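Heads up, the next two complexes both have subunit A, just with different partners, subunit B and then subunit C.
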Partner chain A sequence: MRIILLLLSIALVSVAEAAEYAVVVARNSPIEALDSERLRDIFLRRRSFEGNIPLVPVNLLGEEAVRTQFESQVLQMNRGQINQYWVTSHFQGIKPPATQASLQSIKTFIERVDGAIGYLPISMVDDGLKVLHEF
Partner chain B sequence: MKLVEFRVVGACMALCLLHHPVIAQDSDYEIGLGKSVNDWLTLGGYFSTEYEKSSDVDQLQLDDVAVMAYGEFSNRFSYLLELESVNAYVANLERDTTSSNFPPTIERLYIDYKRSDHLSVRVGKQITPVGYWNQQPINVLRETSSNPRFSKEMVPKFLTGIDVHGFAPLGEDLIYHVYLQNSRDMDEANINIKPVSHYGFALAKQYGNGWRIGGSAGQFKEVMGSTSSTRTFTRYWQANGRFDNERYSLIAEGIINSESAVGAGRESSKAVYVQGEYRYRPRHSLISRVEYFHDTGVTVPERIGILGYSFRPVFPVSLKFEYQWHQESSYNRFVSSFSVLF
Partner chain C sequence: MSFKAKTILLLILLSLVPYVVTMTFLGNAYRNDVENRLMEDMGHQLAITIDRLDQSLQALQNDIEFIASLDIMNDVLTGDLDRRIVNLLLLKKDDLALDGDFDVVDASGLVVASTALDSIGSRINGEPFMQVPLFSTFNDDNIGTLRVRYEMSNLTRYFANDDNFRYALLVNGERYPAQMQSADALSVSGVIGLRPEIGIIFEQNRDFAFAVLDSFTRSFLIALAIGTLIISAIAFLAASYILRPILLLSSTARSIYKTHDYSQRVRVDRSDEIGNLASAFNAMIQGMQDLIARLKEEGENRLKLAQEKNRAEMLQTLSNKLSKYLSPQIYESIFSGERDVKLGSSRKKLTIFFSDIVNFTGTTDQMESEDLTALLNQYLREMTDIALRYGATVDKYIGDAIMIFFGDPHSRGVEEDALLCVEMSLSMQRRVRELHREWRAAGYTKPFVIRVGIHTGYCTVGNFGTESRMDYTIVGSAVNLASRIESTAEPGTVYISEDTYLLVREKFASLPVSKVTPKGISQPVQLYKVLMDEAAERVQTLSQDGFQLQYQPELLTAESREQLRLVLEKITRESSS
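Showing the complex of A and B:
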């Protein structure tokens, strides 16, 4: 009985920790994987390339769960810190990444624009996309 | 007349505040982020007003009014232009006089070329990439209305030349700058030091736990007067450190200068400041700064202590108050400011 309970609790923890979202690029992109620090630099526009490939990060408009989770887990910033960062960047002539109004339009943007990189629920990832990082 | 002019300034401020997204109808615009027309044109700007009161000064001024335009021509080329009026309007309340200086000067004008994350080139008039304070020189982005002497007298704030920079290939999160100027400034009207040549390098390292450290070294040459007979050469060595988290910020910078003039001896000066900020509630913070400045040409070193309060209803709108204690008490003063980045 104890063993069954132990296995059940392990299974429950695994389910609770399973990633819901993924950072993705187009399937034909030569980029294979990126860690959180590199993603943070890309979405804060401190870095613009992976190798010689120019990157085009794209954000979801508004404050949907996928974006807030991306900001807290990958960027490790709250919305106030992010706003402060982009106001300071505005003085330096740097704009925030482009935005798209829906998850479907982010998916289409990534599939069609060279170098585009964005985040989606794992359930939306299909053969046209490649997962670089899960969160 | 003075009252009418300040009403105009006040109305301008109110208009800016009305563009806050909560209030404004135009959802495309967000205060502090500029108006993006398209990829190659974003418009923005800032202004700051300051009130200063000491034993011999009672002054209200619109000290900075600036407009900016920047954009990207491609994913490798971008530009920035900033025009600024310094001391645009000054009212001396003690003498009951006013003055104005609206003609703008070129604060920044440069083109960026990004070869890769390891190699970018900036050409034109730009902020010298030294330290923290120098790179956030406008009132609204600072924690205090005043600047430490460190930032005003030791290194040219601006560089008209070339800066090669990027992430160092051998160190993740290590950023380098190598910069060079070999001409006069593009617009010498409002700069702190007017070099005819300037070169140096800077390094900055960021750690994941909120710490950043850096340093720079360089040399610049100034020519006094219209002939080149009086030249001074100044070398500098600078170090900085910074820690930030949600509630606290701590910044420290120090610099040593060594200046030699043709036909004269060598003089040195050193300056250091440490500043702490405590954000005790959202939008409210307390700031304290201590400064030390010593020029060997002056017998008594200067020590300054500052205690300030900052209120930001939104980050790009800043209302600040501070009191400064100087070693020479006649310099003690109260300063407050209101500034907006739009």
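Showing the complex of A and C:
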């Protein structure tokens, strides 16, 4: 277990050093780029539109590295804070983003759902996607 | 049908009809009531079952609505790449033990996820049993449908069917579970509230439903049968009790009819109406017996009377016939009982008369026998009539001769008998003369002329012959003498013997004619001819104290007659002095 944690921390360090993940939308999306703050608003469901375009943020289910990284780097919140945030928001009628169980399904989701916005390892980005932000 | 059978039947009917009617009515009413109650109960049970099925369906509906609302359904958009929907549906199917499948279809109609894994990726067709739309959790877009393929077994599993109770669903004319509908069953039906197109039927075997009632009915019928037997027996006994005296009456009446024994009686051991009937019957038979006895007695009396009458009539007829053969005096004497019809005789002094037709054979030779018979019969009849008129006893007819006597059976005295006899004879002669004219007028040229002989003397008179054949007649020499006198007499005259003459000379003029000597008598007998009519008138008689003088007046002058009278007076005086 300790070895796994060690390896994991090494990996995180190495990711921090070079951007491994990207926030992506479908290729045909009119959105070209979004900064971290805008991304945070979108993923915390404070903002639903970019311009006239409705946005559908999608999270990777579980505690995969890419989500942890996204939460810490982009949302700048740990899981405890996030959970706290959604408990509060729940009472205000704000529900957390949709989730998908795998990176592949996130990719498919983004490709198929108008306004979908999600994060993926850069390695998975292909012609169908457009990178708005890397982290 | 006999009255007894009718009575028994009537009694049974009277006993059973109200019983049967009441029980049948109550039985029917009770059966209807039981059926109503059973149907009501079944209705309640059906309602409970429907409620349960409703709940089941409602739960299913709720389940799929809940599933449809889950975020996970967003995976429809990714084609359920992570098989999260499939896994969830499989879990749910398992959880619900669903006979059927869940299908999740995306907006384009493609099966994205299904508990029937084979159908994933295929296009769905047909209407599902139940479906809910899927909306994305992020923008409420319709992203597909969650459909339920549903077998009716999901519902029928709630049915605890057995031989007696059966639930069935009726969907589009199909019956679930597939089984024949019982023709004879109590049945209630309804529809499932959530799915009105699903009909539900609840049936109960009628035999089972009414088993208790049928058992009761059977017991009732057995009781009824036993009751009927008992009632029949009682009815039989009652009818026998009621009818026994009547049957006894009937048999007694028949016995009386057959045996004619009217002494038979019916035993009366009751004081009711039938007892009264029996008493009345006995009284009637007693009356009949008395009546018959009386009738019998009367009948016998009448028969006796009739027999006697017959006998009397017969005797009368017989005697009337006999009277033709007997002289009325003899006849009356015999039939009045004055004289016994027995052999026997007595001596009497009688006046005997004989007559016959002069030269009868010569006279009648030339005649036809019919004419002769008619003439003879007329003659005899006329003579007989005259004889009877004078009270004579016609003894017999001897061919054309007639034998008559006076003095028996009735005598007016010897002298009177002789007078009557002579007078009768003269009448006969006169009548014969009258008949001459008639016969001549009738064409008979040679009329009968008769002669008569009369004698008065002692005869033996009585019944002569044997016990079986006897003849009432007279015998004796006087009879022979009378006959002799007759044969001596001139035609058309009446000759009398001296004995007679002495008796009648006062009345009848007679002339002495000749003497005859009968056989066995030594002295000749002087005969007299009785003068008739003009001849008699021509003779005058002078009688004076023992003398009598007859003379013909035309031969004497008045002077001569006076002298004759004086002579007679003188003779009388001399003789008396």
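Everything below uses one rule, namely that the second predicted complex is superposed on the first by the 119 of 135 C-alpha atoms of A that agree within 3 Å, B and C clash if a C-alpha of one lies under 4 Å from a C-alpha of the other, contacts with A are read in each partner's own complex, and residues count from 1 in each chain.
As a working rule, a contact is a pair of C-beta atoms (placed from the backbone, for glycine too) under 8 Å apart; a residue touches a chain by one contact, two chains touch by 3 or more.
Predicted, not measured: the structure shown is a model, and the values here were computed from it.
After overlaying the two complexes on the shared chain, residue contacts for A:52 are found with subunit B alone; subunit C is out of touch. More residues of subunit A lie in contact with B than with the other chain of the pair subunit B and subunit C.
Of the two partner chains placed by superposition, only subunit C is touched by A:112; subunit B is not.
In the superposition on chain A, A:95 contacts both subunit B and subunit C. By the touch criterion defined above, A:27 reaches neither subunit B nor subunit C. By the touch criterion stated above, A:104 is placed in contact with subunit C alone, subunit B being left untouched. Once chain A of one complex is fitted onto chain A of the other, the partner contacts of A:80 are limited to subunit B, with no touch recorded for subunit C. Counting contacts by the rule stated earlier, residues 54, 56, 95, 115 of subunit A appear in both its interface with subunit B and its interface with subunit C.
Remark: subunit C residues 71, 74-75, 77-79, 81-82, 84, 136-139 touch subunit A in the complex. On the side of subunit A, the complex with subunit C involves touching residues 54, 56-57, 95, 97-102, 104-105, 108-109, 112-113, 115.
By the touch criterion stated above, subunit A contacts subunit B in their complex at residues 37, 47-49, 52, 54, 56, 78, 80-81, 83-84, 86-88, 90-93, 95-96, 115.
Residues 32-34, 36, 42, 44, 46, 68, 70, 75-76, 78-80, 114, 116-117, 136, 138, 141, 167, 172-173, 208, 246, 282, 314-316, 341 of subunit B touch subunit A in their complex.
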